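For reference, the structure discussed in these notes is given below.
A, B, C and D label the chains in the order they appear, each numbered from 1.
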Amino acid sequence: MSLDAERLREDFPILRRTFHGKRFVYLDNAATTQKPSCVIDRLSEFYRLYNSNVHRGAYTLAEEATDLYEKSRANISAFIGGKPEELIFVRGATEAINMVAYSYALARLEKGDTILSTEMEHHSNIVPWQLLQPHGLRLDFVKLSGKGELSLEDFKEKITRRTKLVTFTHASNVLGTINPASEFAKIAHDNGSKVLVDGAQSVPHMPVDVRELGADFYAFSGHKMLGPMGIGGLYAKSDLLEEMAPFQGGGEMIKEVGLDASTWAEPPQKFEAGTPNVAGSVGLSEAVDYLRRLDMSRVREHEKRLSAYALQELESQEGVRVFGPGDPERRGGVISFEVKGVHPHDLATILDREGVAIRSGHHCAQPVADWLGVSATARASFYIYNDHTDIDSLISALGMVRKIFGRRA
Amino acid sequence: MSLDAERLREDFPILRRTFHGKRFVYLDNAATTQKPSCVIDRLSEFYRLYNSNVHRGAYTLAEEATDLYEKSRANISAFIGGKPEELIFVRGATEAINMVAYSYALARLEKGDTILSTEMEHHSNIVPWQLLQPHGLRLDFVKLSGKGELSLEDFKEKITRRTKLVTFTHASNVLGTINPASEFAKIAHDNGSKVLVDGAQSVPHMPVDVRELGADFYAFSGHKMLGPMGIGGLYAKSDLLEEMAPFQGGGEMIKEVGLDASTWAEPPQKFEAGTPNVAGSVGLSEAVDYLRRLDMSRVREHEKRLSAYALQELESQEGVRVFGPGDPERRGGVISFEVKGVHPHDLATILDREGVAIRSGHHCAQPVADWLGVSATARASFYIYNDHTDIDSLISALGMVRKIFGRRA
Amino acid sequence: MSDIFQETILHHYEHPSNKGKIENPDVKISDTNTLCGDKVTMYARLNGRVLEEVKFDGAGCAISMASASLLTERAKGMSIRDVIELGQRDVLEMLGLESLTPMRIKCAMLGVRTLQKGLIEYESKKPV
Amino acid sequence: MSDIFQETILHHYEHPSNKGKIENPDVKISDTNTLCGDKVTMYARLNGRVLEEVKFDGAGCAISMASASLLTERAKGMSIRDVIELGQRDVLEMLGLESLTPMRIKCAMLGVRTLQKGLIEYESKKPV
């Protein structure tokens, strides 16, 4: 049974908006997704009935909030195949990766040790490692090749005895490419390296099991999977959490504080300094329930079908060039493209007038743009509430682009 | 005109709850405050109508969300007397202080330089500095004295030429003490030290003007001032933001990213890596509007009156000992106390059965508890929706405590 | 109200059994309940695999102190194995309570968890 | 629809005026619009305090390129002072637009802001 996107759209109040008199066609889901009523209502309910600080209150309300917070943790962690205590709540994938950079790489690796990232990464999986370079850690990148895949050959060449951490995205937010994560993880583990997978573009879109993948660390953002802003997760294997140093210091993460020295709480608390975003965790847990009801394999199937249709339609347009792998089996619902003679920004502006929201730019992945030899691309990215009619709207809006720019070209 | 707490309570849905059949008397406002309907509704509205990633979208919705985000920044910054570009959005006070620790202290100070904190601090203003000690920075603490004030004498003695940063809380979350922040700041500046003020317990409760105070850095949490969880602010003077190193790396905070090196965006973006909590900023801005309508001087007056009444009532109870300064002019609406022969946890549990929520423990400030010579205290803390009847409920619930424990003592 | 503060608990809180130290104990171990600040030290003298004498020292809330006190009475004469097998249900039964919130359960379990840790360490160090 | 892509803008985007380099220019300065990736290099040759020749080079969206092109026409013959005083209103007027969203305004202002920065640097370096 496939997803009924039209039915699902009814769950998303924002999709009833119109822009410039046109039905709203939201195709920027790789940036952030819209929220179903159940998530919005759950947040309101939390603040109307359960709002409290957690872990320390001896009154009933605090017990209720603590219970909600820890149940959310267990639920979200189970969604990706983890145990409750293996999930650290963070703001999003960016903070998750920075936490690994500071608490694991900076604190536990030695000068000269290498982190191996890739040319396919979002800035969030490049800059945190660059910030460690002045501390003596080295950084290398696996090359892009072909139509936008990571070069397995280059990976095998670049991984060395000094490579202590391999980090790569599960799915590209520009090219759409889905990386063979478990294959990469196996090579890394055979080499004795730990593996961080950036799951920002995979957890929302396909079934993910961190154990099957063999990830030591796994990062993701709630706002890209129907959840609220300001909440996300870092999954990490328990033994790594034990050995890692704290990231931020403050309340919640301590066992005892003296003026001279302090001791740390057990993970996951050890990595959650300060009052946590309890409401965010509850909202994300609700989003996870919604996705589970849809069934992640069906979500993946739905996006695969949509991508196949979009690829076919886009490629049949004159002057349109699509980037990334051609096979929908090996890519997610993210399609970057260009229209000859039209800058992606102008394209996005014209599409906006037609009610179609796409993104233009380097999508926080300049090295990918550099590899493609462009300064920016246009990008359409899909989710559960999109269907063929949305792609038809995109295509017909591209007609308007041609009308404006084309007649002159 | 004083605040009409009974009227205000109508704005707070959670206060209509009952616990164990009793009216809910929420006296744990120093931990987190409850949310008025306008804030809850604003969050829902954001997700129903304006949800989008910011800064990079070329479509109308993204422009709207960006506009909301930046207007929220300007509004919240103005609330404490800052300019828009001087406010960094963070998760809360804890993250704000950690940001100063990493981006300013660790990145800009030299081995042997000293950070001067105090014995009055929340763990959030102790542990981040302890984490820097292995990097060669030194840490010292101004002593508590009298009834729980910082010793001015000790401050003047401990501040040295190596003291590059002085950090202290504006108001204590245990003792209630309000520190003479501008006086301290002046001493620090005369010594050539920068000043970080922890405003977690002041911004929600009194008029604050960072310029008048002379703070170089000022940290606060949204959830303690009617706002959503997961959002807060670090105010910092522009020239300091310029010279500071980035904290987390990722999207939003960069200008250009190459594999070899990257350059940073201008502040405040430079310090906001990753997708920001736009909804949180909008909710906090709404909370700020609500507080502004009440008028912060009246909020302060209200809490002063409540504290005076509570101090008087508590002190007239047999076996009750109140900690902290006696003069309501010099303290905020936070009152820690103990009841002879009854552990604070047991006290809190019995009070909970009477519908009264107070906190018990070390309140994330173990050095204060150590100074008081106790392992835990009971703490009642007030806000705009509390009034005399709440204190009467507290006192009558203490009668129940005496009934259970007292007859045997 | 508060069935939680019934007679047994208040009695043991105010008149604890076996409070104090054992000189030259076979087991001596301290722990704290971070969330509350409850502190307990458990002492035991063993005769073979049987606990001959059990004492506790510490400070904390009524639940933690009463359950430590009750434990010292209960554990005396039990085998190491049997003490290690004591669980939440047993502790609640000792206290005469049907249930406790997750927060207070930690208080109730402090004494027994600490003693169990001490016995496990003792066993692992013992020459076989 | 899209009054933003009217004749003037499209014309200047596709047939830019003064596109290219000036050899041995008095002012040569490049800048980028981080958000968009628009890149522009502005060149000027001065005669005293007057801009005698202005050219631009770069790549970007229609708005940034058309406004740079229009600027080169407009700035020719103007004084340094007058160019430095050009603001948003002037640029919108050149483009024939009433308004632009905050995001696109940055595109429109890229050329003029860059040239102004170059002129200010030139002035500060010049011996008085």
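We adopt the following convention: a contact is a pair of C-beta atoms (placed from the backbone, for glycine too) under 8 Å apart; a residue touches a chain by one contact, two chains touch by 3 or more.
What you see is a predicted model, and the numbers here were worked out from it, not measured in a lab.
**Student:** Farthest chain from chain C, going by the mean of C-alpha atoms per chain?
**Tutor:** D
**Student:** I'd like to verify one number: the distance from the centre of chain C to the centre of chain D, where each centre is the average of its C-alpha atoms, in whole angstrom.
**Tutor:** Their C-alpha centroids are separated by 79 Å.
**Student:** Can you give the whole-Å distance between the Cα centres of chain A and chain D?
**Tutor:** Distance between chain centres: 38 Å.
**Student:** Can you check how far apart chain A and chain C are, centre to centre, with Cα atoms defining each centre and the answer in Å?
**Tutor:** 47
**Student:** For chain A, which residues are shared contacts with two or more other chains?
**Tutor:** Correct list: 56-58, 60, 62, 254, 256, 345, 349, 360-361.
**Student:** Residues of chain C touching 2+ other chains?
**Tutor:** Residue numbers touching two or more other chains: 35, 104.
**Student:** Under the stated touch criterion, can you name all the chain pairs that qualify?
**Tutor:** A-B, A-C, A-D, B-C, B-D
**Student:** Could you pull out which chain A residues touch chain B in their complex?
**Tutor:** Residue list for chain A touching chain B: 13-14, 17, 19-20, 24, 26, 28, 31-32, 34-35, 39-41, 43-44, 47-53, 56-62, 91-95, 97-98, 101, 119, 122-124, 126-131, 141, 221, 223, 228-231, 246, 248-254, 256-259, 261-262, 273-280, 345, 348-349, 351-352, 356-361, 364, 366-367, 370.
**Student:** Quick one: which bits of chain D touch chain B in the complex? Just the residue numbers, please.
**Tutor:** Residues of chain D touching chain B: 32, 34-35, 101-104.
**Student:** Name, in rising order, each residue of chain C that touches chain B in their complex.
**Tutor:** On the chain C side, the touching residues are 1-2, 4-5, 10, 14, 35-39, 59-63, 104, 107.
**Student:** For the complex, give me every residue of chain A touching chain D.
**Tutor:** 343-346, 349-350, 353, 360-362, 369, 375-376, 400, 404-405, 408-409
**Student:** Show me the residue ranges of chain A that touch chain C in the complex, using the header's touch definition.
**Tutor:** Going by the criterion above, the answer is residues 55-58, 60, 62-63, 66-67, 254-256, 265.
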